[in-house]
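The structures considered in this document are given below.
Two complexes, one shared chain (subunit A), two partners (subunit B, subunit C).
So, the complex of A and B:
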């Protein structure tokens, strides 16, 4: 209804946008779907309903989604396998920490937090280009190994350059993000901040994907030699992919730093790189929903399995226990097996928390076996195939 | 239009071409025939800048191009159809074609797209299909169409007949003629010597990295040594 009233007012704008879109590369996505905005509103509105433990989990999911969206540019779009993504996350966090923390011996810039974020993103992009330059001629496995090394170099450098980074004791008392006179201190606000960052990264990367640059990245992913033969400056576009991905990671790092208020080398291990890569793959390479779903599973699930709420919830399944135990007793009676019976349902949560990484690993294996292309395939691919189906329908009719 | 002088190029420790001279004049179809490993593809890759010439000179339209980057060479008007087609399998046919026009910013890309799909009607039916689902012949047409989207002055064709049925080979070669009639110059590398010599104005025979023979297409087609070595006659 509202749309019908407003439509005439926006018609010229829409026409101009459509013309601009047709001018560039044809099929760019339309304006944001209302459901997306609804989802964004909902994400922020759920905040008061959860306690800090839950919000911490949501924050981490949002943070990893931000990182995943950044890595998606490098791995999913440009096809450059980067195993050292944590390096850029560390660059972002350390930029905020070194410039902002009074513990840092050399620099006491006392800059506003938001300026530090901008500097961190810039440094991230710079680090991306610096890594990109030496690895330009490398492909596939070789690229993966060198980036792996780069991730470790940054961590070890942070450990040893204690003049700047305070070594393994880390940097703390970081500047807090503030809006007006109110500084952000609670988990809820950090969550809102990270959701905004994730949306920003999503917006930028998805627009890039559907632009000329995205097309160039995909060509490089498919066949770098031929892309070069088509007249693409592959050096430029590969460096752009590294820089874009790295600045997203640095943005994540810049938000993570004041959140934990302690930046030390032990937070930037290989495991972070692997987690981010795994969530991109589990979710489905090149897909935005996939990255968010991947972050929920990979980062959310292990936390969720040890929440007391989960244990309380499982305690409701006491009836299931008696059913299963009867079966087990029956089996033990008939066969020579000596199976132990299940513990009381009250203890299930505790046991689950204990074995959560086994459950988690099982979950990952299941996803990859059942959906080898990830939970969500790339959206662009599904558009192409959907159009094909439409056509074959027409032929059939 | 294109001149190679004492060109030497190779990969790592291997020197694949050892000082070759050849020239292509505007409007010609020139073919480079030779057996496997003679250095045919290497020559094309050196011209398009994907590998660096070790020594010698490459001149295009009076300008030295042997120190240019591949994308700069494409901008000058040389585009290539790589060996084995090299289509972007997971992109759609129309995306493949638009990538051919990546360097162009003019308004005529749309009309060129129409021209290419007119030349290859099979592609028109499959514009939104992922290129990897095309047949071998269609992929070859796509690779050629994509190269034409750059509006090349010189088109480098690397073994367009490879792996295609005889009927498709005929189609491809008659298209090569059509492309020339539409104003492009063509340097064609082929193992299928009989077809290549039939379509070419002039030809070079490449043997282990050096040019052993040159002449018009008709001359070489009747040359005894060529007939023995490349046309399968005794």
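So, the complex of A and C:
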């Protein structure tokens, strides 16, 4: 419907695209399809319609979409399982905080926020390379466990190196992002900032995917031995994937830091890594729309459940609670087990939001077993997985 | 750097060595499960730490059910034996269920798939216990084990530590016997050599894999109860750090090798306990307890760089 309305407006563009499709390479998706611009404009236009609570949710969705698109390069495109993605997110946030916060005792660089973002992205890439160098020449399994350890080490280091990080009291009064003489402070502006970042990450990673580098990643993901046999420097390309993902995470961290204006080790736990991994896998590895949809559902839904509006709405279902609790009480009396009853309906949302990781874990297993391409996976990826199922008689390493 | 070591005295270092061996035996027991599963499936069983956790809770249930802190005399011994048995059964049941639901359907899928599924199981179980059942609270093992110990010169060992080290050695010996001397063990070793060839020789590959998971889980369940008796506090996420450490131990010993896992476990236990203290002897350095984890991971990364096959070279570790 939308397409039919918009078609005349974009007719010349479509004609050009059709001409480009005539040759083989033109069939690759163009980087700046008009629909994308339209979608981006739509994302920014929603701003005035929602209040701060909603904007906070949208900001977090955008932030996790940025992180997810970064991890997508590592896991989805290059097939490397990174379980310590939070480490690079932390590197980004702490770079901005240590250089920018007056609380940090050692460095007071007084740099503009945008410079700090650039430095953070650079440090992120550097951290990715430093961590990847010893492990990437080895089999992928080791990478998973080493990154897992690294994620924890970064947190422990941040907690204990109080000279730099102020320990668990954290760093605050961070520099605000500013345009001209105006510095932005409200959730709405941060949302626009994160949408731009997500778009940037999407643009860079999708161009990389369709380039020589992206094809190398795909070759490595499908069969590393064959890729090496074809003359690919697999270590180099794996490092590139790792550094790309890490710098996206650092970019996310650099935006997150001034948003909450409090950078402390508690924010950088394993759960962040699991969250990002879950949205990439459940949404659909290797697919942009999958990652964005994954972020919308896996990050948006638990936030939505904690809204006071949701609690008010659920409060209408107090009668359901008394029905169920009567049943539970009856069951308790019969079985002599001390079963716990439901909390007031107002608290159901919060309770459910608390259970999110139980659901994520379950979904990870179900998606892998039943729908390995993810819920919104790309068609190409589904075909690849379908092919893999055909060679089910092969046994061995 | 050697000279200042003597400043703290022999008792201190003897204590630290005993502590290292105690944690080492728990790592070794868990590492056995990682190494055996890796041997037959080339899969890092990320959910193994949670199997260990389930064992700890099963043992807790038995100890509390039998009277908890009120237990005395012979009943303490009986309760601990029953707790160990319950833990073994619960862990084995969990592990077999996980294998059936999360790993077996993915046995021929791309290598990333079972790894991700394993992480899913791990996240699910630890959060189910923590958020679902316990509401983020820890549970505490009743402190029923007899206090006291023996000392020999600078060396002093508590009864609990002796029990912990002795029983785990016994378990490892039993496992070694099963794997080396029984038909099931032979089947496991054959499948580890080559799954295809083993099945051609008439070995039921699925059965051998299930037995591998059961044996590993029994060890992990035991380790769970020992951990609870020793450190008391247990919770849903308790399996994470010991799990990663035990994997490190398995790599240190040479993944796939059973003696390697044992040596790696003790080695890592000693390395992280003594390593931090040795670093603390450097003037001006005062590392908190958490740096044990940092030492352990540094060990992992160093092994991967310099000797990816571990101490006991089992199979050629596939490079690149």
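Going forward, the second predicted complex is superposed on the first by the 284 of 397 C-alpha atoms of A that agree within 3 Å, B and C clash if a C-alpha of one lies under 4 Å from a C-alpha of the other, contacts with A are read in each partner's own complex, and residues count from 1 in each chain.
By definition in this document, a contact is a pair of C-beta atoms (placed from the backbone, for glycine too) under 8 Å apart; a residue touches a chain by one contact, two chains touch by 3 or more.
Computed from a predicted structure; not experimentally measured.
By the touch criterion defined above, A:270 lies against subunit C but remains apart from subunit B after alignment on the C-alpha atoms of chain A. After overlaying the two complexes on the shared chain, residue contacts for A:75 are found with subunit C alone; subunit B is out of touch.
Look at A:110: by the touch rule set out above, it reaches neither subunit B nor subunit C.
Legend: residue contacts after superposition of the two complexes on their common chain; A:228 is shown touching both subunit B and subunit C. Of the two partners, subunit B and subunit C, it is C that touches more residues of subunit A.
Taken together, the two complexes place residues 225, 228, 234-235, 385, 388, 391 of subunit A in contact with subunit B and also with subunit C.
Those residues of subunit B that touch subunit A in the complex are listed here as 48, 50, 69-71, 74-75, 79-80, 82, 86-92, 94-95, 98-100, 102-103, 128-130, 146, 150. The part of subunit A that touches subunit B in the complex is made up of residues 25-26, 212, 215-216, 218-219, 222-223, 225-235, 381, 384-385, 387-388, 391. Only residues 42-44, 46, 101-102, 105-106, 108-117, 119-125, 127-128, 131-132, 194-196, 199, 240-241, 244, 247-248, 251, 287-288, 290-291, 293-294, 296-297, 300-301, 304-305, 308, 317-320 of subunit C touch subunit A when the two sit together in their complex. Across the complex, subunit A meets subunit C through its residues 75, 79, 81, 83, 134-135, 137-142, 144-146, 148-150, 152-153, 156-157, 159-160, 224-225, 228, 234-235, 270, 274, 277-278, 281, 354-355, 357-358, 360-365, 368-369, 372, 385, 388-389, 391-392, 394-397.
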